[in-house]
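Structure incoming, see below.
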Amino acid sequence: MQVNEYKPLIVAFCCNWCSYAGADLAGNNRLAYPADVKIIRVPCSCRVNPMFILRAFQRGADGVIICGCHPGDCHYTSGNYYTRRRMAALFSMLDFLGIERARTRVEWVSAAEGAKFAATMNDFAEKVAALGENKRLEDLRCKK
Amino acid sequence: MLKCSLDKLQALFAKIAENAKLYLPIDNSDGTASYGEWSEGTAWSNALNTTKSPKDFFFPQTEDLMKFKTEGKNIEVIDVRRECEDFVIFGVRACDVKSFDILDRVFLTEPRDSYYAMKRAHGIIVSVACQKPAETCFCGTFGIDATEPAGDVTAWKSEDALYLRANTEKGSALLDKLADLLEEGSDEAVTAQKEKTKKILDKLPLKELTTDAFGGGKTKELFDDPAWDALSATCLGCGTCTFVCPTCQCYDIKDFNTGNGVVRYRCWDSCMYSEFTRMAHGNNRLTQKERFRQRFMHKLVYFPENNDGMFSCVGCGRCLAKCPISMNIVKVMKKIGGNKGE
Amino acid sequence: MQKITREQLLEKACALLASGEVSCVLGWGAGEFGYDVTPTVFKTAEELKEGFVFGDFCGVNFSKYLVSKTQKLEGKILVFLKPCDTYSFNQLLTEHRFDREKVYAVGIPCEGMADIAKVKAIAGEGIVSIEAKGEKLLVTTLYEDAPVEIDAKDVLAERCVNCKSKKHVAYDELLGEEGDVLDSARFDEVARLEAMTPDERFAFWQNELSKCIRCNACRDACPACTCEKCVFDNPNSGVENKSPANSFEEKMFHIIRAFHVAGRCTDCGECSRVCPQNIPLHLLNRKFIKDINEFYGEYQAGAEVGARAPLVNYTTEDLEPGEVFDRRGENA
Amino acid sequence: MQRVGVFVCWCGSNIAGTVDVQAVSEALKNEPGVVYSANYQYMCSQAGQEMIKAAVKEHRLTGIVVCSCSPRMHEATFRKTAAAAGLNPYMVEIANIREQCSWVHKDMMTGTEKAIILGKAAIAKVNLNAPLTPGESPVTKRALVIGGGIAGIQTALDIADAGFPVDIVEKQPTIGGKMAQLDKTFPTLDCAACILTPKMVDVAQNEKIRIFSYSEVTDVHGFVGNFDVKIKKKARYVKEDICTGCGACVEKCPMKKVPNEFNLGMDNRHAIYIPFAQAVPKVATIDPNACNMLKNGKCGVCAKVCAAGAIDYKQKDEIIEEKYGAIVVATGFNPISMDKFDEFAYSQSKDVITSLEFERLTNAAGPSAGKLLRPSDGKHPHTIVFVQCVGSRCAACAEKGKEYCSKICCMYTAKHAMLTRDKYPDTEVYVFYIDARTPGKNFDEFYRRAVEEYGVKYIKGMVGKVVPEGDKLKVQASDLIANKQLHIDADLVVLAAAIEPDKSARPLATMLTASMDTNDFFTEAHPKLRPVESPTAGVFLSGACQGPKDIPETVSQAGAAASKVIGLLAKDKLTGNPCVASSNELMCNGCSTCERVCPYGAITYIDKEFRMPDRTTKIRRVAVVNPAVCQGCGACTVACPSGAMDLNGFKNSQIMAEVDAICK
Amino acid sequence: MENNKYLREEILRMSGVNTSKCMKCGKCSATCPAYDEMEYHPHQFVGMVEMGDIEPLLKSESLYKCLSCFACVERCPRGVEPAKVVEAVRLVAVRRQGANRMTANDVPETIEEDTPQQLLVSAFRKYTK
């Protein structure tokens, strides 16, 4: 019997000004990345509440990535600096609880970095796929 | 009276576990005990009581009631009730056994709660008499004899043997299955054991606590007692007392949207919470004082009023041990009503 | 150092009540067995003389009560603050949670409070009364003929063994001598967990958090959790939940709670003290504190009023979230 | 419940090539709230838009989901369409099925599946959308310029030129700033006073401009278009409107030994003084710390000699309250203190001076009337050593120097060296440099001229120490190219001190809630694209307060800031972005956490009375977001522990609904 | 060159200095009191270690001319700490030869009669680690 190839579900939060535009640029340049990466547009990476990340895992995501402007380039001047601290603390805590490090990531992608966006998503999807399904932060009720 | 030598205890457990799941108090690493499923080698805890009461077996903290699924404009309702298997709860103390009577009053009178009833029908309770009551114990206040617990089977533990007596048909059936490991025993050891325990029960610091001031019909007298203010002044409004209480039975029903359908479940709720029984018009009890009063008035006045004088406290002492601010029913009983100044 | 006595506190409280400086006293009320002390609002000298106690079981952090009590009670409130409580006191002031003018804070030195579980482990069950005698505790039980003598040092609560400071950072008046900020080993246990493999850590927390009964005692006792409405109680927050239906919800609650108090938690240890299931919740908070110290420089919440907490601050040179792990190295 | 219409765009074959648009619109038909679903070749075309408008009418739609290209492309288009159909424009959501789906996936099945999920997410979001209306606020047509140096002057002139009233607040008794103290300006070597003072006069004569000299801003409230500012006009004990600036009082004042700050303390002034001849306003000021009359009530000479009767010893500080639509910060810079640089013997010898002091020494109006004489003995120096980068690019110790390059020193040092050699060809001039940085029009040519035509000895290396010995300064330095240690007996050592923002900038930034970097330079809204705006709306930056700058740069930035101000003041009303944060006051703790992360100072606190459930009332501090100032980043929403703060258009519930839909 | 790379890293590790911070201003050498005695000067130590050109330094007498007065450390505007680099190179040289540059017996000949005892003691502390 053939086993279905496991494909991780990835939620990508992208800031409107840099990373979402970077994702658009990846599209313009037809740079492929896995279809299991789904993007949610937020005004700024600092809009991403840890609750959203946990929610995604609860609902079946296998990896969550947050993309924002490069430090210093934030449209709102300081949003991504807060993101950087919040996520450093949060990811460290998830690691402390024994949740795999490779399931979460923060990446800075500018509006000009379509190639970086695609490469990042390919790499992230690969790393998450290597971990297999998210078992440590899953909610069985939400499984099909 | 039947008897099983203590060195055959594990064999006894194994025998029980052949036919039904067996749950018993197990020691935790932090000095507390909690109910867990027996598997080979699992030791029975000596602890007086578990932190969480065994009400979980019949009325778990969360319990799925049903599921819905929407497909287009149609709703499909899925019954999640399943016939459950027999199970044995071993080592239940007198107070906790009594708590089941109280829960039965709530869940088994019409309209019967089918979820509770199902589990209750399949649960076999093996109680065990207390030998080392704690300072927080006051089951005597509610007429419970710690040395003579009810249940399907009652057990007494002596130096070398466990004495067993079936009280119900379910109990007899259980003991019949264990016949190979049991022998006839005399009452003497048990009587001696009881006498010894009674001496300690007589020394308990809360021995004098009475329910004289409480019971049905006392609402008017006690409701506006000025002492409620001071008693409730520092209550945090957490649910610790209700969640460790063997008799608290309030629950909330909630829907959880899984994305693939909705699970309707119930979970324990606490009258100490500000959201408790919130309705369209808002909350009934607006201050912590009113919520605090509700909990104790319910246990000591309203419940007996509706249940032939049965108090809905069994004196297990869990809330005395666990309340973060050490406020509890005993302090309430001493300040409210006739016990004042005692 | 001279230990502070009940009589000293009583005298102070009665004097302040008599002078009209304060209208009530937030203090410790006597219990049934010597260890079950209840925080109590005393309004008269008579009430104080009858019910006020002070001893080795007065661990309650009163700071949080000030949020509601300064709103509800008329006049000034006298509150006794141990060194660790003063940090919470300051943090609440930083967050404008109560009116400083309505509080008269008396700092009292603290040699550490006892953990009743540790007392029981030594003296056994059935404790009827506990009496302090110098550095010793005399424990009378149902099962021992003579009182059991215990060294108070041997039964210190974990948070007191690893006390971070004997210095009061806020008070109107200080009784006794001022202490110092201490070098404590409070992060050792966090470091021990960090050194485990992820699988071991997962197993550890899975086991601990599975005990959670969501009684909310940790939240309701926490001086940092003073939200008018907690997100977990708010049907519109999207994370409202009343009971841990499964292991995800257990983790969710504790992760979010720890995150919400990160940078604001003063490490007073109330969460672990009140947990009926003995879950070492303080380790989650300490993990955040340790990380913040390591990533962004030492920070003690509540050390000064008005300080900007690390998670609402930044520098342009902060480390990247990915570097957190590079720095710690791959363990396992 | 929303009535949602779904419109799937083919975008020719751009989308339809890899996404089965028919299947997508079919699949989305059954989603909750959807009452209409269609697809069309080009949704953004006239016909496509008409189709949407018709559907809104026919199906009484309350929300629209367009599955099409990126919202960055056509969100505005479809919002207009919705508005034209009578819907609130913010009831539109876009599912990006082109850039983020059809263009990155090759397989039809994959593309279709993903497009359906993205569509579901957009539907889930739009179901929770609420109509949003951008707020409007009026604009006070008056600008405030803080700082009266060349930056402030140019900004004020340009704004006034466009017809808007401008006030300049200057803390010194005169405007003019640092430029007034300079002698010549690089690279053209025209005299600073010759080009600056006419501008100062223009300011004085311009009817649209008011000058508050000897004044400070003490309080700022409000927001873009509506600032309420308090200005403290310090008592100068001279009635400004009466004083003619004749100078009789100055001449007669017996208190003559007050160090003259305009000449950096290298000579003295009187207790009553006019900083320099071309001061604007040309009005005398009494230094209260030096005046005998003010200190002891004895003297009163100036009052006696003043024919106009302008002296008023009883004058008090005055607070002026004014409303402004825009604020320009032009607080400028200062050289850093040389106290920590013991190795250069600055505090040991009068003959070790800073470059600004050198400017005064060579200035005709300076202490030596323009003759280059040693401050110690008034002799002509024959060997002069210039040291660059004193305190600049200094990463070793934050208390000592600055990590950044001060940018102007290379050029003014070349100027000083060149002018010295020009006027006094017998002087040996050494310049010790680490790098000579001369990017700028005609800058490098200027520096090369100093070397090639004027014979200034540029030595790559740093001075290690300066030791005064007799009337000489023993200079020990490195010549890195010759690999030698040099020992020079110098007569004068000139230190190119790093420059730092004026000390008044930090408290001002706090008042303005404008952000600053670690060096106390104001931060610009975007380093490349919005260089003259502060992140705080309505606050603009001009000159060296934003970073080290020379005069040409300062003037061009001043003009840019002015044009931004004019653009703002030209509007009668400001329309905000409706996707702003708002606080639910019932849940707000008033803890100030959100205030701390807000980059715009959009959050303030009020004490509000609440009726409690138990019918008592309680006054609580709660946050209020000013929608005119908030830019909608959402930093506050995550900082808020109680979840009281939410962001319109990107509410917690909306984002979580998207997450749910995607993960389903 | 492999060896040099290793050596360079070792020196950087031992000294704790980041030589790449150097801006080549020469202030260290400008301030160095032993400059004239040295073949390679403080800034050259920093520059040569950064380039991995370390062998000449190891062979140079300059190593022992540095007085460790730390003037260069004090004056460096970049916080590079050249004296620590010199010290580290010196340590490498001493380790290579497996002994100190001089033995105690070599010392008396080289000192002047009025050299203070204090100087000898501190010199010994320094050079016999």
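Letters A, B, C, D and E mark the chains as written, and numbering starts fresh at 1 in each.
To be clear about the criterion, contacts are C-beta pairs under 8 Å (C-beta built on N, C-alpha and C of every residue); 3 or more make two chains touch, one makes a residue touch a chain.
Just so it is clear, the model here is predicted, and its values are computed rather than measured.
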Problem - Touching both chain C and chain D (chains) - result: A, B
Exercise for the section: If every step must land on a chain the current one touches, say how few steps get you from chain A to chain E. Expected result: 2
Exercise for the section: Can you check how far apart chain C and chain E are, centre to centre, with Cα atoms defining each centre and the answer in Å? Expected result: 54
Fill in the blank from the handout: Chain centres from averaged Cα atoms put chain B and chain E apart, in whole Å, by 78
Practice task
Between chain D and chain E, tell me the centre distance in angstrom, where each centre is the average of that chain's C-alpha atoms.
Solution key: 47
Completion exercise
chain A to chain C, mean C-alpha position gap in Å, rounds to 36
Handout entry: Shared interface positions of chain C, touching two or more other chains
Key = 231, 237-238, 245, 311-313, 315-316
Exercise for the section: Find every residue in chain B that makes contact with two or more other chains and list them. Expected result: 256, 259-260
Completion exercise
Flagged in chain A as touching 2+ other chains are 50-51, 55, 59-60, 72, 78, 82, 86, 139, 141-142
Completion exercise
Chains touch in the following pairs A-B, A-C, A-D, B-C, B-D, C-D, D-E
Completion exercise
Interface with chain B, chain A side, in the complex: residues 59-60, 139, 141-142, 144
Problem - Partner chain B, residues of chain C touching it in the complex - result: 31-33, 36-41, 60, 65, 117, 120-121, 125-128, 141-143, 211, 213-217, 219-221, 233, 242-245, 270, 273-274, 276-278
Completion exercise
Residue set of chain D touching chain B in the complex reads 30, 32, 612-615, 660, 663-664
Practice task
Going by the contact rule at the top, pick out the chain D residues touching chain C in the complex.
Solution key: 517-518, 586-593, 596-597, 605, 618, 620-621, 639, 641-644, 652-653, 656
Exercise for the section: Enumerate the contact residues on chain A facing chain C in the complex. Expected result: 50-51, 54-55, 57-58, 71-72, 78, 81-82, 84-101, 104-106, 136-141
